[in-house]
Every structure is written in structure tokens, then in C-alpha cells.
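In what follows, structures are represented as C-alpha cells.
Next, two complexes with chain A in common: one pairs it with chain B, the other with chain C.
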Partner chain A sequence: MFGKQKQNIKNESEDYKGLEIDGIFPPLKKEFFTELKEITNSPADLIIKDVTETITVAYIENLVDGQVLNDQIISVLDKSEPSIPEALPNLLNIPIFKLAGQKKEIIYDLLTGNVLIHIEGYNLVGLANIAAAPTRSLAAPENESQVIGSQVGFNESLATNISLIRRLIRNPNLCNEEYSVGRQTNTPFSVLYIKAIAADENIDIVRERIANLKIEDLIDSAMLAELIEDNSYSVFPQMLLTERPDRFCDGLLNGKIGIIVEGSSMAILCPYSFVEFFHSREEQNLRWQLATFIRLLRFSAVFLSVFLTPMYVASLTFHYEIIPQPLLIPLSESRAIVPFPPIIEALILELIIELLREAGARLPTKVGQTIGIVGGIVIGTAAVQAGITSNILIIIVALCALASFTTPNYMMGNVIRLLRFPIIFLAGFWGYYGIMLAFCLLGIHLLRQSSLGAPYLSPLYPPRILDWGTAVIRLPIGLLKTRATSNGTFNRKVHNEKAKPQRDDVMKE
Partner chain B sequence: MKSMNSINSNHKINAFLIVAIISSNQVGVGVMGFQQQLYQNAKQDAWISVIISFVLAHLAVFIMIKTLEIYETNDIYEINQDIFGKLIGNLLNVLYITYCGSIFFLILKTYIEVINTWVFYNLSPWFLSATLLLLLIYAFTGNLKVIVGVSFFSFVITFIWLFSLIPPLEYAEVQYLLPVFQNNFSDILKGTYSMTFTIVGFEIINIIYPYIKDKKKVNRYAHIGLLGTLLIYFPILLVSLMYFSGEQLSKTIWATLTMLSIVRLPFIERIDIFMICFGVVIILPNLCLYAWAVYRGVNSMIKISLSAFIWSFSALMFILTLFVQTLTQLNDISRIFTHVGFFAVFVFPFFLYFLALIKRKFRKTQVIQ
Partner chain C sequence: MMKKYKLIFIVFVFMTVLGGCAEQKILERLSLATLIGYDGGEGENITATAIIRQVNPEFESNVETLSATARTSKGTREQVSAQVSKKVTVGQLRVVLFGEELATAGIRQSIYTLLMNPEISNGIYLGVVEGEAKPFLEYQYENITDISQHIFNLLEHNIERENSISSTLHEIGRDYYSPTRQIVMPIIKRKENVIEITGVAFFRSEYMVGRLPAKDIFYVKMIRDGFEKGTFELVLDGENFESVSTGETPEELAIALDAIKTKKTIKLIDQNTPEYDLNFKISVRLTEIDASIHTGDKKTLEMLEKEINKKMESELSRIIQFTQEIDSDVFGFGEHYESRVSDSNLTHEELAEMYSNMKVNVQVKSEIIRDGVFGME
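Right after this comes the complex of A and B.
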């Protein structure tokens, strides 16, 4: 039984050889286009048009710019009929024009928006790139909103995204390397970095990992991130996915390597350390004292969010003596009517909040907000009055949920959400010892992680006190002397000199 | 002399992390209950015993580093094999491995005892030892960089313990420290001797030395590490001497924890349960580093892979913890190892340095001939 299954899979892999297209086309028109239709399986949107008796154009309908096609190509070809393909480049005014003979190149270019110009009797064809696929107009990023700052986000077109970045970084050292991966999809993606700032070893690692990719399809950049990251089994992300061009450029300027995938509005930045996931671009736009305060608030919120509910569960189940005396009476009153032990109570409430959050994410906006408020308040109050939970626990669970939203990165926020559940289990069974085990386990796991080979907990361990100015607090720009070493960059000097703040003539009469 | 197990430069650590390694390796379970034995010997001059003990430790570290500097890139196992020859060298290494393994066992068992006494009376010790050993395995298989990371974080977190000394100061009586120097000096020295188990831990420099990047700064950071431990032990001892009256202290087994139990914060009534569970963070680097010492020792004799070693070592330790049941048995074992530890840590390094100097001169004269 198993032998047969194995054989089936083996045969399937031999079929994939059919995707390899090699060789050249026959020169005569009829045979050329018969073979073309056979290879592309006669799609309904492949238009083959005879301009004259000897000249034919072929293109995929919705991928080309119709206006340019008519004005620049068909009318020109009609007026002056070229007799050899080599005359085409001089004749047509298309900026990206080439002559090609290999089947693979012709088919691939035809499918990405080129117009094929065939002259009878030659198998060398002209390919004019006039692709104009419809794209979404630039909109504000949905998942990474910011109070102060630019409100432009990436969209799904690779060309548009790169143009957004080039608008922010006008530097000849901004290198752009394009690759394509995926046997079925041939998705193009660009690797961007600033040459003198990004570390060479990081670039080599990224190039090597991309070269080793052998995958079927690539639909979103998150999939690419999972394929080339250090440890895809870990719960913590090692590469950042961002929708904001300013965040992306910030990363590039600090020595990170960025990857933008066609068809995905999220760009990848690597290497990223754990502490940097809690940084927000907004902090550069605020005053530095405010930014430092918000960042420290964020760190403590994350810590509380993970450990507060388990501490409640552990204290009420095993260690009553930890609860301060004035709080004991209201707590025991509210717990007296609840029939479940604290761990079940906490798990029920946490699950209800997770359900509300998932449901709210999928519903259309108008209904979603109502459900959130109604569900939260009504279910919460009703649960307390029915005696299923205590109201102190509702406050704690709601605070924890709110605190996990403070992370500026959606991925990390989800991770924090998820981490709470096993720790609640451990706390319910083994009290504070269980929480301590979870804490140590998390700590050791973070110590073992690496992001593109650099340690994951970078400015905290190995301790680099000079980098704490950017990692833990936000120093004013005048005091910022170096780029973070966690990116492995050697170009560390940053020349930030403020203009003289005072005018010389203030003190004069 | 070239190292047998040459170390990849990727695995090397910075010198200033030695502060964390030495300090976190010293602060272990000893800090929880070292005052009782110390007081019984030295009475109210116990703080002088601590200072003398640390002076001896500084000397011992100095000699150890001088010995290691003679052989640039070798740890103590290879030094032993070089000086004494293969057979006796390996025998000494086995003794050293047994010493490290028994300290490991003592730390593990004492901590399990603490948890059983203070936090969870009924929790089975085998569960505690199994979970601690699993944590150890997870940290160990991450190689030395994770172990050093654990010791760094433990070093930073240990200083929080000092804040818990502020509330007992309210009840402190400075007269308990007086009169000074009433006791014989030999009593004070007996106190120093009894502190061995608490202060031991700096000999890990013997094993970590080959992994350090800039070897010139090792001396400086090792002594800073010892000072760090002194900064933790000395206030704790002073406050316990002032807080407890004499008879009380000689009868209190876990003096530091008893002092911790009176601390009261506005939102937490008793922090000792909290802090004892934090003890996992304090003993974890001890366990990891001693296991690393045993691993390097075993590796210098037989080639064994990291994960095979740590699983078998943990299984062995787990079985051993099932045998020792009561605190009195533990006390007997720890008393034996005070003697062994004193010899291995304070006496043997001088001996080794002397022999290493002779060997170097011998080798030099041979070359000249």
C-alpha cells in the first residue's frame, strides 16, 4: 500500500519537467502561433492580431496599455512595414524593447505584459514592454496606523513600492537586486539595501538563502519570510513585516536588508531583534521624553499582559497569603459565588475575549464595532451577574487584552496573546513555581534565537550599553552617535549635528 | 600547548561577561541559609569571617588566572593532563568532575528542599527535580552562549534581592554587632571555613578561560565579579546579624528567607513566596555552569556529544535525587563537601601553579640544551 503511494509521488515529480520550456520557435507564422497557443494552452485573453500580411502582434489582453498599443505600435507598424526584425528597434519608440529568440523568454515576457511582434519567416521576435496592469491607489496602511506621521502605505505593485522608497532615499548606494522564485508562479521580488551601511555578511546570507529556495508558489511576503528566516518553528517572528514606507526606509538606513514581493503590500525587513519589535516609527516624530515614556510603558504593558492573569490564577489557587489584606474580603466575596476554580474561570474569560476579537476582525466594519462593544460589555456584565466569573478577573483580563494591543507590530501582538494560555495552565497547576518555569523557559528560548545569525536579544544580551539609547529609551537625535551594532553594520558613525539653537543677536541690545 | 578541543571563534565570549559568570555561579542556594553555620562558629564577628573568606577567594582567583596564563588556551583538565601525565592527570580530572557533579547535586537538592519547605509542602520532589533538569537541558543544548546569557540575566536580577533588606533594618539593633573581636581569631577562621560552600563558584574560571576573547582583561573582570558577590553577601550578613539576636540566628536554618518573609509591599503581602520562586533564576546558572564543567571534563577523556552527555547526566542526577530524602542527610553530605571544596578551590590552585612554574622552567631549560 505504501509502496504504491510512493510510486505515485515519484511519477508526479517527473511530470514537472513539462514546465521547462526550451528551444526556439519555428519561423513561419502559422506554425509559430500554433505552437504558441499550444504552450500557453490557448487562453481566452491571448489576442493575436494581423497588422499586415507579414506582421502579426500577440498580447495578453488586460496586461497591456491599449492606448500605447494602438498609437505607438500598430499604427507605426501599419505605416512603415519593416521586413526584418532587426529594423524594429529603430522604428518603434518604445523605451523597453528587445529582440528574443528563446521560447522561454518569449513566453515569460508575453505573460508579464509584453507585446510580441512577429515578422513572417523569422523566429527572432520583438518584445515591447508596455505593461499597465491595474493597481490599487495608494492608501493609508490599515494595520500600522500612526497618530502623527505620513499616511501612505505600500500597495501590491512592486514598481510602485520601489518608487515610494526611492522618493525617500535618494542615494546611488541604494542597491536593488531582483529575483524570481516559485515554479508555478515565478513571482518577482526585490532585495534592497544601502551598500555602505548594510553588513556584507547579512547580504550574503540573504542571497544564499534565496538561492537555495525551491518552492512551488509564493503568494505573500509572509511566506517568503517564513522560508528564509532562521527558525520557523519558533513562536517569535525574526523578520519584520511592515506596510509603511517610512518604517522600511528607517530600517534600510540602519543597516537592515529589505525585501519587497510583487503582489504583497507587506515588505520584509531583516535582521530584527526582539527589542526592536516594540519600536514604533511614531517615536521619532514625538518629543524624546514622551517617546521614552511611551516605550517604557509599552515594555511594562507587554510584561503585564503576559503575566498578570497567570499571577491572579496562581495567587487564588495556591498562595492566598500573597493577596494584601484589604483586598482579601472583596476578592473572596466575588469568588464565593463562582462555582469554578480560578483556572477554569480565567480560561473561560480569555477564550471569550479571543472569540470576540476574531469575530470582530472578520465582520464588516459597521457591524464589527457594535459587536465588539456589545459583546464586551454585555457578555462581561451578564457573566458576572450570572456568577460565572468575578468582576476583578474581568478587569484583569480586559487590561491584559488592552495591553497586548500596545505592540506596534501585529505579529508580535498575536504572539503575546498566544503566550498567555500555556502560562495560565502552568500557573493553575503549579502556582508561582509554574510561572517561574515559564518565565525561564521563555528567557532561554529568546536567548537561543537568532535573526540572520545575530543574537535575538541583541542590545540586552550580549550587553551593548551604547545601543540602549536607541533600543530601550529614545535619545534625542543630537546625542545619537552610532548606529545600532545589532545589525552587524560596520558603518556606525552617524553625523547628527543640530543647528545652533540661539541667535547671536538675542543678547545684544 | 595547543588545545585538544580547539574552540571556534564564534563561540568566544567577551571578557566583561566574566563578572556575571563568576558572580552568578557563586550566588546560589548558599545565600539563603549561610548565616546559621557562620554564626555558630564566629558569633557576632561573622562579618569579619566573610571579609577574610573573600580575601582568600581573591588570592585563589589570582593564582588560578596566573596558572591559566602560563598555558594560553587550555582549561584545567588539559593542564592536569599536561603536568601530571595522562594517567594521574585523568585521575585528577575524574576527581574534579566528581567534585563539580556533587556541588551540582547539592545545589539541586537544597533548592528542592527550600521549595518543599516554604512554598509547596506536598509537591513531590521528583517533579521539581525533573522540571529543573528539563530547564537545564534546554539551556545547555543552546551551547555556551545561552549559558552565559542566563548567568548575565541572573546576575542582574540578583541585585533585586538587596532591596528586600530595607524593611528588616527597621528592627535592626546595631548592638548585636558589638563587642567586636571578642572571640578568638581561630573561631573567626572556623567561620571562614564554614563559608566555603557559599563562596565556592569562582573556580569556573578554570573551565571558561579558553572561551574568552581578550585574555588580558580577565584578571580585572574576575576580581570585579568577586566584588559583586561580596556586595550581595556582605549586606545580607550584616542585616541578619543586626536583625536576629544571637540565639535566634543559631536556630534559624534559612535566615535570609525568614528575613524576606516580613517584607510587605502595598500590593503583595508576602514576597518571600515570589522571591523563592525567583530562586530558579538564581540557581539556574549555577546548574548550567557546573554541568558545563563536567561536560568539558568528560569530553577531555572520551568524545561525547553535547546532547548525549546532558541527557545522561540529568538522568543520573534525577535518580540520585530520589535517594536523598531528608534535610539531615543533605547536611551530612554538604559537610563532607565543605572539606573537599576547601581543598579543591583554595589549596590545590597554589599547588598547581607551583608545579606549572617548575614545568615551564624545565621545558625552557630543555629547549636551551
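Right after this comes the complex of A and C.
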């Protein structure tokens, strides 16, 4: 039975071709628009308007700028009455204007905010792009906030996002390849990279993966990232989703490839290694000592966040020998009133923290503040007094949660928190042996992953000591002589020379 | 693919099923033995006195002293187990003490069982109690709530400050199983309501054969491990200082020194006797001296150094002579000999016997590199 169903699905997927419209429209007005209506299923917002007897315009009501339509198109056409479509480009003062004859092209352009100008007797029509897409104004990125640095984030418009990037990188080598995907949605997206810095292989891989995409719809870039990732089944993201133009451009300049999807405020950057997920753009703006300290702090926070609660569970369940003597009495005394074994105790508290976090994320900001009070006072204090958890575990769990929030990438932060649960189970079943097992499995899994074919754990493994200057610590800009190898770029040399004439030198001149 | 899922399934089944096999030792459901004292009992029996910490739900933990007599240490554990409400475990054991009588009769079995038990850390301290361990541990000390922690801290800080010989299980095991080295342990004793380190016990093989008072621990330690830090006191002959003294010189001139650096060199100069040169180069800080001696003068310092050398040489020689008399090679001269003279063809018994006939020339070269500020540290 299952086999049969599978067969059906397979046949369907072979039929995947997208919207199928071929051929050209008939030249006569009446037939032309009848067929147009037929293909578009005569939507209510399709306006067909006769300007003169021979000239007709058609557009989708809410997609075009009405003012421009009236001033620049209808009034001009009314006045000059062109008789052939070839005269239209010179006549109309519209920046994006083209002549088209293919049905498919005409229909798609109509649906993206073009005005169709038809002249009786011709199947070649003029298409004037006067799209007025509703967009949100630029705002500060909420998920990746930083103290020092630019405070602008992407919005949902592809055009705006690309203009943001072009403003940061004014370089003819910044390539922009536009594609669209999704049988139902036809979502356009741009692949951006800097020629001669981005590795050709990587660009080819991205192109190929996009070409092989067969999907129904694409609503957000996260979906696209999942579809073109090396291993979609892994819990670890292999491509970065960022809403910061500066971080995006930083990636491009280091040889990464960026993808921006229309309708999504998150841009994709690839290839991206595990270590880089724990970087923040802000570190580039801080003094290098400070940035290095913060970065190392964050790495240790990750380790703590994953292993501290399991270590508590393992130590108290199996390995009481390793508890240092000064800790022994406070630990056992606070545990004495708890009726559960440590694993249940830890799971309860971890779940509470996760619930609090989830509730805080879903609620509006103003209500969200009460969550803090509920979490802090009610659960924290009451749980201990009721004898459900021990004081020390509350501290540990809070510390773990705090540590996981230091990860600048929201996705990775969530992964870090999720990883704890299986490790807590293993610690509760098998003690430190279980933790070690989890550590090994985690290590093996990470080693097997790749991002666009580049090793995911690079530069830790394979070891690329030269890359540590940017990946593990942050060297001062003046000392950076090479780009990271993990991006596969051949153009590795970076010219960062400090031009700093001394005061004396200037005075002599 | 199907095979892979089957494998994962099997692993999960084993995980849940075998998870129950691992013996849980949940901290607050255990009785933690933190100190054990062994005494010799009637015949082959040994008496174990354990300090056991138990936690009860009223937010308090209490310390109990329980004892039992049996043939084996596991036997005593079972007997102690019958007296407590929670399972007795020894993973948090910090100190093991031996009654003097047992130490004289031999502690081979105890060292063996301690080393063989994986629960027990190799970092625990071993020591000898003057008299019997049981009354020593059962005594109600006025100001000590947890005697095991007290003794552990007492030993630890004195070892840290280099006032006592380090006697961790690891070191004792090493010396015991080395055929050419003998064990030393600190001796502790109750003095009214105070516990103090009163000396150092010397062993030959498993038997305690001699002891020296606490003030000699410094020299024993100096020969065994060198000396890095810590203060010691010397009493010099006052007569020699009359020429440099500004006032009335005391008959015995007591000085306090603080060692900064010690360098020990052993040199075998004669294989047949055998004869050793034992040289010490010590740099010290003078931290206390009689007010009549003016240390600003270089001549005085040189004289002091000379006297210190003389005094220390005689003390060190005395210690070595004592260990030779009781035939306890705690300094590992035999070990040194064996490693240097590869063609000696001596058995370990012969090497051990050789110790009492060794000739050791001690030479101390001291240098006072700081003086004048009598700080504590």
C-alpha cells in the first residue's frame, strides 16, 4: 500500500515544471484581453482600461503607482497616440520599460507591477515597470543587536536590501545573479558574491543547487537555506541567516556567497563554519583585546551551557567522589529535601526555563516583562521552598540559560539549548561515561558536517592555524594579512596597512 | 538505510535497559565515610572507626563516629553499614589513620586494600595516631564539629606550608612497593581538646620502626623532597657572636629563617663503601634574630651563614644517622645507588641492608639573601 503511494508522489514530482504558459497572444484587442483574462482567471484587481480606441492599458490595481500611471503613462498616451509599439520606449519617460511578445513574460511582468500597453493590431506589447510594493521602513535589527556599529537591518524588500549592500560595497565586482523559485509563488531571489574573492567552485555549487530546486513555495529565506544546505537533517545550521547588512557584506568580502530572498528580512551567507556562528559583527568594531576576551568568553559559555547541568546530574547520581570537600555539605544539604533523583530535578528545571523563554519570545514586549517576574520570583524561590529543586541547581540552570543566550546567532543558541536535553538523559543513565559518549557523538557529527563542501569544524579541524587569528581570537586589523581558507578563496592576500605617519614626520614636511 | 535504523533502535533499547545496571549513588542517599581509623584488634581482627557524614532532610548534616571489628576492611564496612540508615560509601574518604599498635604490627593489608579500591582517591592522607585511633576519634572535642574535616585541613595546610611530610596514598604506595625506599608518615595526637602533629613515623617495609619529634620533620623533608618555602627555626651557639653583638648576647641565639630556594645534589663518590656527598645550597630570608645582632654588617651575615651551615649539617647528619640505626631508608639512597651502579648485581635485600653502612657526608651552603624586614611571609 505504501509502495503505491510512493509511486504516485514520484510521478507527480516528475511533472514539476512550474506554471506552463507558452506561445504568443493574438494581436487583436478583443481576443488579446479575452485570452489574458482566461490565463489570469480574470482577477478582480486586474484593470483593463482603454486610453484611446486603439491603445489599451492593463495592470493589477494594487501593484502599481497610480500617480505615475496617470501622469506619465495615460496622459502621455492620450496626447500622442502612438500607432506602433516600437515608438513607446521613446515616448514614455519610464526608467524600466521593455517590449515583449511572449505570453509567459507578459503575464509574469503584469503580476510584478508592470503596466501592459497594448496597441491594436500588434502582439508586441509595452511593459512599464511602475511597481509600488508595500515595504516596511528600515529599522534596527532586533535579533542581532549590537552596541557599537551601524543600527540598520534588512527589511522585506529585495530591492531595498540590495541597495543597502551596494551602499556598503561600491565595487563593479559585486555580482548579482537573480533567480526565482517556487511553482506556486515564483519568489525572486538574488545570489550575491564578489568576483575574484569568492571561490568559483562555491559559486558553481550554489548555482547547481538552486537549479535543481523543485519546490512549491518559498516564503522565507530560512526555507531556502534548509533546502540548499549540505545536510538538512543535522540539528546544526550550516548557513548563516543574518539581518545585518554589515555582517552580510563582511561575509561577501571574505569570499562568502550571499543570498537575499524577496519578502524575507534574513539574508543567507554560506559557506559558514561552526566557529563563525559564535562571532558577532560588533567584535570588528571593538578594541581587539576586548573583542578577543568576549569571544573566548562566549566559546567557554557554549561549553558550560551544554555540559554544566549534565555534569551536575552525573556527579550527584554516580560520581559523588569527585565533589570537592567544601562543596559537599552545601550540595548534599540543599539536595536533602528534594524528593526526585537529580535527573528528574534537572529536567523539571530545564523545562521550566525553556517554557519561560518560549513564553517570553511569543508574548508582546510589554507583557513579556511579567514573565521575568514570574520566572524569577515565583518559580525560582518557590520551587526551592517547596522542595522541588535544590538551590544549587537553580544557579546552574540559570547560568546555563544565560550562557546559551550569549551566542549571537539565535538559531545556534537554540541548538545549544536543545543539545542539553539528550546529554542530561545520558548523564542520568550512565554518568560521566554518558557525557563522554555524548561528547564523542557530538564531535563525530560535527566533524562529518560540511558547509558548501567546506569542513564545518574548520579552522579547528582540519587545523588552520593561520585562520585562528580571525576565527578564534581577533587580531588587530593591521596584523591581518590573509583571508580565511575555509571560504575556499584563492585570493587570500589582504592589504591592511596602517598608514600612520608620526607627528614628527608631518611636522618636518 | 533500514539496517541503520535497526542499529539505532537496538542502541536505544540497550541504553534504556542497561541504564538500570549502572549503580546509582545519589549523593544525599549515602552515608559518606570521610575518615577511617584502623586499630589492631584481638588476633587477626582489625577495628575500624569511621567518621560518617549523613544528611537528613531537616537541612542539617550530622557527623557520627561508628566502629566495628572484623577480619577484613570490607567486613568492618558491612558491620558499620548495619548501624546506619543509608548505604556506606568511601568515595569521599579524605584521611586514613592507623593506631600506633597496628602500625608497629604492619599495615601491608590496609595499604593494599586502599590502593585496590577504585572509589578511594589516591590523594587521601595517611597518618599514624599516637596511641589508639578509636579513643582518639571518639573523643568529644570542644571546638571541633567535624573531626574528619579538621584533621584533613590540619594535614593539608601543614603539608602545603611544608611543615609536614606529605603522605598521600599515592606516595605511600609508591614508597611501599619500591624495594629500596621506605615510608614516612606524620604522627598526630590529641592534646586536651586540640589535635596536633607531634612527629614523624619511620617504617621499614610495613612496620613502624621509629619516630622523631615534630621539630625534626623539617630536616626529614629537606632530605627527602627539598624545601621550597616555609619558615624554620634554628638555635645557634651564642658564644660565637660575641664579637659582632652590640649588647649582651644570649647564650643560645635563636633565629628564624624563611627558605626561598633549596637545591639538593646527591653524588656517589665511592661505590664500595658506599659513600655519598649530599650537598644543599639554600637561599634564605632572615626573618627573626636577637636584637643585639646588627645584621647590616656583611661580616655578621657571613658569620651567621657559617653558623647556619654548621648547625644544619649536624642536624641533618643526626637525622640520617638515626634512620641508619633503625635501618629505614626513607630517603631513597638505595634507589639512587641502584640507578647509578647498574652492574652491582645486588638483590633488593642486600641493597636494603647496605643502607645502615652507608657513609653520607652532608654539606650545607646557605646564603642569606634578604634581611632586615621581619615580615611574616
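We take it that the second predicted complex is superposed on the first by the 484 of 509 C-alpha atoms of A that agree within 3 Å, B and C clash if a C-alpha of one lies under 4 Å from a C-alpha of the other, contacts with A are read in each partner's own complex, and residues count from 1 in each chain.
The criterion applied here is as follows: contacts are C-beta pairs under 8 Å (C-beta built on N, C-alpha and C of every residue); 3 or more make two chains touch, one makes a residue touch a chain.
No experiment lies behind these values; they were computed from the predicted model shown.
Colleague: Quick one: on chain A, after the overlay, do chain B and chain C clash, or do they fit? Just give me the call.
Modeller: clash
Colleague: First (chain B), second (chain C), both or neither: which does A:Y461 touch?
Modeller: The first partner, chain B, only.
Colleague: Is A:G478 touching the first partner chain B, the second partner chain C, both, or neither of them?
Modeller: A:G478 sits against neither chain B nor chain C.
Colleague: For A:E321, select first, second, both or neither according to whether it touches chain B, chain C, the two together, or no partner.
Modeller: Both partners.
Colleague: Which partner chains sit in contact with A:Y432 here, chain B, chain C, both or neither? Use first/second/both/neither.
Modeller: It touches chain B, and chain C stays clear.
Colleague: Once the structures are superposed on A, label A:G121 by its partner contacts, choosing first (chain B), second (chain C), both or neither.
Modeller: Touch status of A:G121: no partner.
Colleague: Quick one: is A:G23 in contact with chain B, with chain C, with both, or with neither? Answer first, second, both or neither.
Modeller: Once the two structures are laid over each other on A, A:G23 reaches no partner at all.
Colleague: Answer with first, second, both or neither: which of chain B and chain C does A:C440 touch in the superposed model?
Modeller: A:C440 contacts chain B only, not chain C.
Colleague: Chain A residues touched by both chain B and chain C?
Modeller: Touching chain B and chain C on chain A: residues 318-319, 321, 323, 325, 430-431.
Colleague: Okay, in this complex, where on chain A does chain C touch?
Modeller: For this pair, the touching residues of chain A are 315-321, 323, 325, 328-329, 331-333, 335-338, 341-342, 426, 429-431.
Colleague: In the complex, go through chain A and note every residue touching chain B.
Modeller: Touching chain B from chain A are residues 318-319, 321-325, 430-433, 435-437, 439-441, 443-445, 447-448, 455, 457, 461-463.
Colleague: Can you list the chain B residues touching chain A in their complex?
Modeller: Per the touch definition, chain B meets chain A at residues 13-14, 17, 115, 119-120, 123, 128, 131, 135, 138-139, 142, 145-146, 149-150, 152-153, 266-271, 273-274, 277-278, 280-281, 284.
Colleague: For chain C, which residues are in contact with chain A within the complex?
Modeller: So the residues of chain C touching chain A come out as 15-16, 19, 22-28, 30, 32, 53, 55-61, 89, 91-92, 94, 119, 121, 149, 152.
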